[in-house]
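Right, I'll just put the structure down here and ask away after.
Lettered A, B, C and D in written order, each chain numbered from 1.
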């Protein structure tokens, strides 16, 4: 099978997200790194790209140069990954979509709802793929949960309870550490801290598994370390369009929780739960029955879960391979096979609307607000 | 040591709570069952009491008869346990307190806030013990957590997150089962369903461990099974007087959760968590350090935790012995040794105020309300 | 129901085992403590017994006095518990059986195989109950496992793997502590250390659940702390009469393991496992199917498991109530209802034979030996 | 950094091990697949290699052709992975080593001890790398355990207890399934079934963490499914050179265990345990202290553990990336940086000697035997 050409913007030497994307794209052999503008320092970016095997003429100094260079090539990249600082996602994604490229954008896709709506419209107009990296949704057992809901195994979903709460920003004496501080500074992080950073993954997951979207929400934000201007702890109650009740807690001061992303889904005829720190199992309970431990790789799982698992039952697969699964799905989409499962620009937009509306609700003492982007109301 | 005379109201043959109290009172040899009015059927109650070793003249037909009979005796019961239907707790507790008896009342202590205030005043006036059976607070490791907060090991408590969520009422086809239905029927259960039934234990625990009381709250209630008039799922955000942020989720439709009572406490210098289904361990994490597993019976624990543990480290002790620990503390209190730790009428009153105010908040779309009883505002 | 008269030998003030037996006997209201010879110091024993409510004329100075005193009474004790130092169990148990009393003996029942055979014969001749306190077998979920084997749910049992390994004697600097040292001193502990102390519970459990007895074994003993004359770590491979393969590891130097008594049972059509630190669950897996979590108190369990559970599903019950279940079964047996489930003198004898034969095997470099007492060969 | 040329023998289309090696080699970008003889069907092998990006002249029909072809090239492969059927490992590994190539051989390295000794000698003579794929040893937290032993944190290691027991061959009705049957057929599997297949990983791990080698052992083998000629369950007691006591249980009929590879290490001053199904944590207990949960990615870990971890704390990494870590270490070795940690031909030889000696011991009723290869006695 022909390899796909892949380009990357951001993810330079020393970044954490760069290696995760490279491993994700390369692990299954679908992509070759053909082009890149990896660093805000043009020279360093060019050199690093070449050290990773990119040809000299495709090791670009910045994204504008890359857009121009690739646009003129017959063997132009099939996919561009945008892994730059958050505030630049919109501009770059927009430019590449308009240039006729397929894009995988890191989250958040944009900083405002208006920008999000613009991206959605451009993606629709161009017909290009615009995926957003909600990678937790690509764990095989998360896909299994979605299939279980789809196939009616839980009946109507009544209730979803999800947490994304860690304790890595719980040390007040470390709060001025630049690696931590920017997340709670509106000038750098935007309108929301922990909810925009982590909570939004949990909200996407709830929608993803339920196969439904968020209609309304009510938020309670707290800055438990008083020097912070943005929230480090948040509770968001929500309702999906179909009436499902949602409860989402996210925190960065939950000392002792390491990753702390869990989800529980309760329907009319069963319940199930999944933990990101034990991602290869789902605990499923049919109403009136015993809890069953479902294992990744078990022959009884859905095709969808099998497709995204590489090794036999009880050989754990972890986070880097969930990212890789996003690239597996991108490769399928680029080859015209399927797009189902890929988080889209619509997901990116809905997340941004939820963030802004949660901030509005929290400001108004938890008043219930419409969580939908204007274009979907 | 002289045994204490114990009397019981309610808890007749076939009741579930009767055996739990008898085991609790008898297990450690502090009490003898000296009197009882065990059943609303007078004859059955008298016979059953005698079968349990109560003398014929102290096997009463109803609580009024018992109040009169015991009041006239020199060897009157040292303690009366009230384990009757919820709506009768107030009347009986009030009568016995006024008669000069010490009382352990099952929760809820009353149905209204006004009744609760009345009990608190009577208890204060008479100087008698009026304890309420928030028995989870008597697990040794829960006491250890309270000691850890007291001694400053966690610094200021920033955040408490607690769940009491099970799935035993999740079957809609069983919703008309009388054992289930009454809990969601205002005529029988009062103003609240699941929050009053289970959530209130979690709210008490948060206050108990933090050593602080609830100031305000905001509630989101849902009846996920539509035929129910009262909530079967609730989220309550709250604030303690000292500013601690609280988050409490309670549900009876969380299919697959068995008991589901957990609490996490996060402070400036550490976090900890405890699960009712694994009650002999606390997971404690100092800020910046590794999570440690603390075990009941370990020699390094507080005197308070040691005092309420009967068998060596890693021999689990369960729920019935948490109830027994309430009786251990009652025996101490009756012997004039200590009252610390016993849940009091004040706790019963604060719980009732929280229930009523949560209902008010939920009715007003989650508006934040004062959670305190009027007499404490 | 008439209370049964209970007498106790040993278990004086400050002992650990005394309170466990008193809680066990009293918790469910079947017994009253009617007589006792609680201490090797006669005066202290008499005083302590009276403090526990024993009448002065039945608070005896030693077991001989108690045997004589009780033998002459019409209301003689229905049951005698022997909780004295190990080396005295044989003599006392023998005397009381011959005197026509029913006995619950702490383990080990005897120090030699010959003594064990003698007790078995006396118990058979007199028709009296001679139970041995293998109390782990009385956990509800252990009984459930036995019922599952009995009913054929696992098919033929192929393999049992059990561990009873803790780390509480792992500190070499504490090895001379008298509380620890005696266990590894042949003058006090007999022929075996850790295997006789803990391993034997695991071996009994294997037989109990499988409904079969040990035919042969091979042992590897180690004194990992070199100053010890007896083993602090042992591996015993064994075979049951029906061919089941057994593997038993026991250790007291497994630092970090707290209680560490687990059992796994594997048959033709399923497997299951149970841990003493999480005693209210069994993990059961049908061949080719998913693992199921079985919970104490679940309505689908056997009558046997239900009978020995006091509180609802997911309210944990712990070790003291497993001891209490032995007394529940003793009360049933004394009332002529059933004897099934009670560990017997035969169990005590088979255990002692296994200990002596394991020592013999270990001495002979793990040679396979007949594990049966001579009278059962 | 220049990419290394990698060649693969075996691992053709549809094999399970091929993708695991390709992911392992490619994930971190150190290697390019430059040559291959992937299939026993020459044409299919050539075509598949080219579909994976191998140039036509390096897509070989068999390993002999590849040996010849690569030997003549300046850009010959830096590393050859041998992932063919077990019985061919020796021949191919030998030929490539003698041809001056570096080799990663799947386990078992050979079928006999004599062959193993030959490989060790050839590797020593040529100075080439001959690694064996004991990939579990490359999990970051396994390396951490080895570092903890090395640095003396546990004191002298007294005891190692390890299990590699699953239930995937527990269905007797499936025993004739060719995928299962060959493992228990001496004509195909050699002298041992489950011990050679899985147990040997556990034995290697014990040596690897302890930094010591196996001196003697005693084995008890069982074929719990009677039609099997080779063991499906085995217990091996062993001693390391330094006196450490070892206990190893391996089974393929432990229904309900999925992967089931665990190890516990107990020393003078602490104990620790690790489970392959939760590979990112180690539970460590200092003597007299509380159990601590150590997490992959935690900043307090050794450089060795950090080096082999790709994503932040609490993002799990699984089995495929443990295989990838073997390739990370191979790349380091090929670049002359370090060889420490890589499982070697000596490991492969010692494993084979242990297998043959365990069979000998089991045949002689568990007699203790020397486990060392003759050349190391």
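Here, a residue touches a chain if its C-beta (ideal position, glycine included) is under 8 Å from a C-beta of that chain, and two chains touch if they have at least 3 such contacts.
Please read all numbers here as calculations on a predicted model, not as lab measurements.
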item	value
Set of chains whose contacts include both chain C and chain B	A, D
Which of A-B and A-C has more C-beta pairs touching across its chains	A-B
Separation of chain A from chain D, taking each centre as the mean of its C-alpha atoms, in whole Å	35
Separation of mean Cα positions, chain C and chain A [Å, integer]	55
Chain A-chain B separation of Cα centroids, rounded to whole Å	42
Touching two or more other chains - residue numbers and ranges from chain B	291, 295
In the complex, chain C residues that touch chain B	1, 3, 16, 19-20, 22-23, 26-29, 51-53, 166, 168, 258-260, 276-280, 295, 310-321
Chain C partner contacts - residues on chain A that touch it in the complex	290-295, 298, 300
Interfacial residue positions of chain B with respect to chain A in the complex	158-159, 161, 165, 167, 170-172, 218, 220, 222, 224-225, 233, 235, 237, 245, 247, 249, 251, 253-257, 264, 266-268, 270-273, 283-288, 291, 365-368
